[in-house]
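Please go over the structures that come below.
Here subunit A shows up in two complexes: once beside subunit B, once beside subunit C.
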Partner chain A sequence: MNKIFGVALGILAAIGGFVDIGDLVFNVAAGATFGYQLLWVVVVGVVGIITYSEMCGRVSAVSQKAVFDAVRERVGFKAGLITLIAAEIVNAMTLTAEVGGVAICLQLLSGLPYRVLIVLAAIALAIVVWVVNFDWIERIFGYGGLCLLVFAVAAVKLHPDWGAVGHGFVPHVDTGNKLLYAYFAVGLLGAAMTPYEVYFYSSGAVEEGWTVKDLGLNRLNAIVGYGLGGILSFALMIVGGALFLGKGIDPETLGSIAMGAQVPLGEIGLILALVGILFAVAGASIDTLFSGAYDLAQFCGFEWGRHKSPAGAPRFTLTWIVLLILAMLAVMTGVDAVKLTEFAVIFSVVALPLTYLPILLVANDKAYMKEYANGRLANTLGIFYFVIILIVALTAIPLMILTNLGQG
Partner chain B sequence: MAVVAAALLAGCNGGTVDQHALKQDSKTISSLATEGGLFAGQVARGESTGPYTRIQSDNLGRLAANLADALGRRKTSPGIEPKVRTAGRLAAQVAEQFKALHDHPTDRAVARSVQQAFGPLADHADKLAK
Partner chain C sequence: MSESIDLGLGILDHQLLDKDGRRCGNVDDLAIEGGPGEPAEVVAILVGPDVWRGRAGWIGRVAAWVAGGERVRVPWSEVAEVTAHVRLKKTAPEYGLGRLDDRLRPYLEKIPGANR
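Our next item is the complex of A and B:
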């Protein structure tokens, strides 16, 4: 019974922790621009992240090694270094956007000065990472992120055209601006399959000491956690379509996104939305922070892990502290967190093949994985998604330039 | 990556205002005014919080003010100067309404009057965008 309860709690945390600032920005903007037409892309993205997270978790459980360990071993130093640099650049951009998002949410809730809140946010994140253990970090931010379910209620209360919503799950293009449609499709895929998620997931599996006995838990976490988390993405896009599209509003700020729950549900909707966004972006800040430190430590062979004391993994600890300070300083320059999010998501798309190819190779390696190597389904999905990833990686930057960052 | 990002960021609100840019900017003004109307309506109904109203109106007002400033400074293609000036004025008026909301975040009467002011501004910007 306790085990079932633990699994349920883990799944709840995974749902609440699914959405980050990239999902918030791209899903609402896609809804505000194309209504429900791009819901099918969210499904594609969610199945993609389930496929690769399951592989990552399996590799970690079988080998007790995280993704970057495998990258270093499997693709060699040079290719591994390129992957590391790409991952760290995208990670730094995402972390900066997330820290900026935390400060914006705190400001919308408290009204205090933005720059003061940037510093307070960074200090609070550092204290949480330093003091709170890994399980509780996941729980606190995952459960807090569940406040985002207010967008699911808001989506229903906005009375969308459910027929059109259903039609959105069938791939179709019903617009004159096909480039913009493609840009948003690429952005939604990038937001759903952000590299830091798999790095964090696989390292987390090692932190929690998963073994082959946990392969069922891995599958359940990946499928149910990410799958149900996808509901939040649907809700955000439906809110964007039902509230903003008809009125011609382009929601350009995080505060505008929160208004998506305020209009149908009033003040309580607004507060829940702001709290949910706060926990979601704060949780994602910690995930990206860890992810950056994990990648460097695993590549260089440093001691790593939150389960170790800071003195037990000093270079890992120093890395996340430096990353957090750099992100805080970058946000202090006044960079627009929402615009930076769009850049981070699009650049992360470019880095996707470098992240996912080594995972596919290692998970498919019978010498490494033995009887736990990819089966036919995992391979079919893995290869299918790798082809998609290659296509979107090649088109992401041209689309970003041609559409002037989604302005049309 | 950094070069592409810098080039795109440098392009924001820059360059000559041609017909396409005027259309895009007018759409943005219309979007801000419509959002402002919706937002002010929530405040007028007492369905917002003081800090959110103050900060969000400041954020949206800053976007409108930046646009007004850019439309006033940028070179304009021949033949569309009057429309660009009108768009700049509209953006400045939108910014003013947000400032009123920012200065009186809990005053429902002010919010009602701001809500009413946003409607014609959005319509006017919409016409410019067509």
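Our next item is the complex of A and C:
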């Protein structure tokens, strides 16, 4: 019973931790631009992240290797180094956007000056990561992020045309602006399949000493955690569609995203939305911080671990401190966190094949994986998604330029 | 160590662990000896950013320069076991591995909570 309870709590934390600033921005903006038409893309993205997370967790449980170990061993030193550089650039952009998001939420909640809050946010994040045991970090930010469920309530309260919502789950293109539609499809896939999530997930699996006995838990975590997390993405897009579509409003600030809960639910909706966004982006800031440090540590071979004390993995600790300071300085330049989020998601899409190919190769390698190598389902999905990722990676930047960052 | 190992896939770029399981670098390259006609033999593992210079063209040289090019040579006879990782017989400091971590640790320990 205790175990079931523990798993349930873990899943709750995973749902709360699913959404990051990329999901917030792209889902609401996609809703505001195309209504419910792109809901099916979220389904494709969520199944994609489930497929690859499950593979990463399985590789880690069987071979005790995190993703970046596998990257370097499999694609070689040079391609591995290029992947590392790409991953770190994208990661730093994402981190900057998330830290900016934290400061914006704090500002909307407190009314204090933005620049002061950027510094406070960075200091608070540093103290939390330094002092608090990771199990508690996961719970605090995961449960706090559950406030985002207010968007699910808001979605219902806004009385969307449920027939149109249902139709959105069937792939179709009903617009004259196909390029813009493609741009949002690419962004939604990128936001759902962000690479830092798999780095983070697989490193955790190695650290927690998963073995083949944990493969069931791995599958459950991936399917239920990401699957239910996807519901939040649906809710965000439905709110974006019901509230903003056809009104000529482009929800280009976190404040206007939070309005999605305020309009149907009043002040309490607004506060819950802001608190939810705050915890979600702060939790994602910590995940990206660690991801950046994991990637470098695994590539270079030095000690790492989110469950270790700061002095237990010195260079790992120094790496996340430096990343946090860089992100703080970048936010201080006044860069628009929402715009940066779009850039971060689109560039992460370009780096996706470099991340997912080694995972696919290792998960198929019988020498490492023995009887736990990919079965038919995992391979069919894995290859299907790899093709999608390749297409998306090649078209992401041209689409971004042609649509002027989704401005049409 | 009678079992055959694929050097390219089974050793190169793998994680090094010392006798206590501490992560102390990757197998950045292998030193192989043996003249023409003789059987080639792996004599040492090469570790450290300095080794990267020869492995990825100019990007490798830049990365080695940024990382501050150290190079440590661990004799092959010091390898205890090759599994998913390459495990060594002694502790990292005895080979001069993990020095940067050891040098950095005292500074971090000045901040309260570093050893929570």
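As a working rule, the second predicted complex is superposed on the first by the 407 of 408 C-alpha atoms of A that agree within 3 Å, B and C clash if a C-alpha of one lies under 4 Å from a C-alpha of the other, contacts with A are read in each partner's own complex, and residues count from 1 in each chain.
Here is the rule we go by: a residue touches a chain if its C-beta (ideal position, glycine included) is under 8 Å from a C-beta of that chain, and two chains touch if they have at least 3 such contacts.
These numbers were taken from a predicted model, which means no experiment stands behind them.
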item: Clash or fit (per the criteria above) of subunit B with subunit C on subunit A; value: fit
item: Touching partner for A:Phe347 - first (subunit B), second (subunit C), both, neither; value: first
item: First, second, both or neither for A:Thr253, with subunit B first and subunit C second; value: first
item: Subunit B versus subunit C as contact partner of A:Phe77, first or second or both or neither; value: second
item: Partner chain in contact with A:Ala126 - subunit B first, subunit C second, else both or neither; value: neither
item: Touching partner for A:Gln107 - first (subunit B), second (subunit C), both, neither; value: first
item: Superposed model, angle subtended at subunit A by subunit C and subunit B (C-alpha, nearest 10 degrees); value: 130
item: Touched partner set for A:Asp69, first subunit B, second subunit C, both or neither; value: second
item: Which of subunit B and subunit C A:Leu158 touches, first, second, both or neither; value: neither
item: Per-pair minimum CA distance [subunit C against subunit B, superposed on A] in Å; value: 17
item: Subunit B/subunit C common contact set on subunit A; value: none
item: Touch list for subunit A against partner subunit C, complex; value: 63-65, 69, 72-73, 76-78, 80-82, 85, 130-131, 133, 297-304, 309-315, 317-318, 367-368
item: Complex contacts: residues of subunit C adjacent to subunit A; value: 9, 12-16, 22-26, 28, 47, 49, 52, 55-57, 59-60, 63, 67, 84-85, 98, 100-102, 104-105, 108-109, 111, 113-116
item: Contact footprint of subunit A on subunit B as seen in their complex; value: 1, 4-5, 8-9, 11, 24, 27-28, 30-31, 34-35, 38-39, 42, 45-52, 54-56, 59-60, 63, 126
item: For the subunit A and subunit B complex, residues of the former touching the latter; value: 89, 107-111, 247-253, 255-256, 258-259, 262-263, 266-267, 270-271, 274, 339, 343, 347, 350, 397, 400-401, 404-405, 407-408
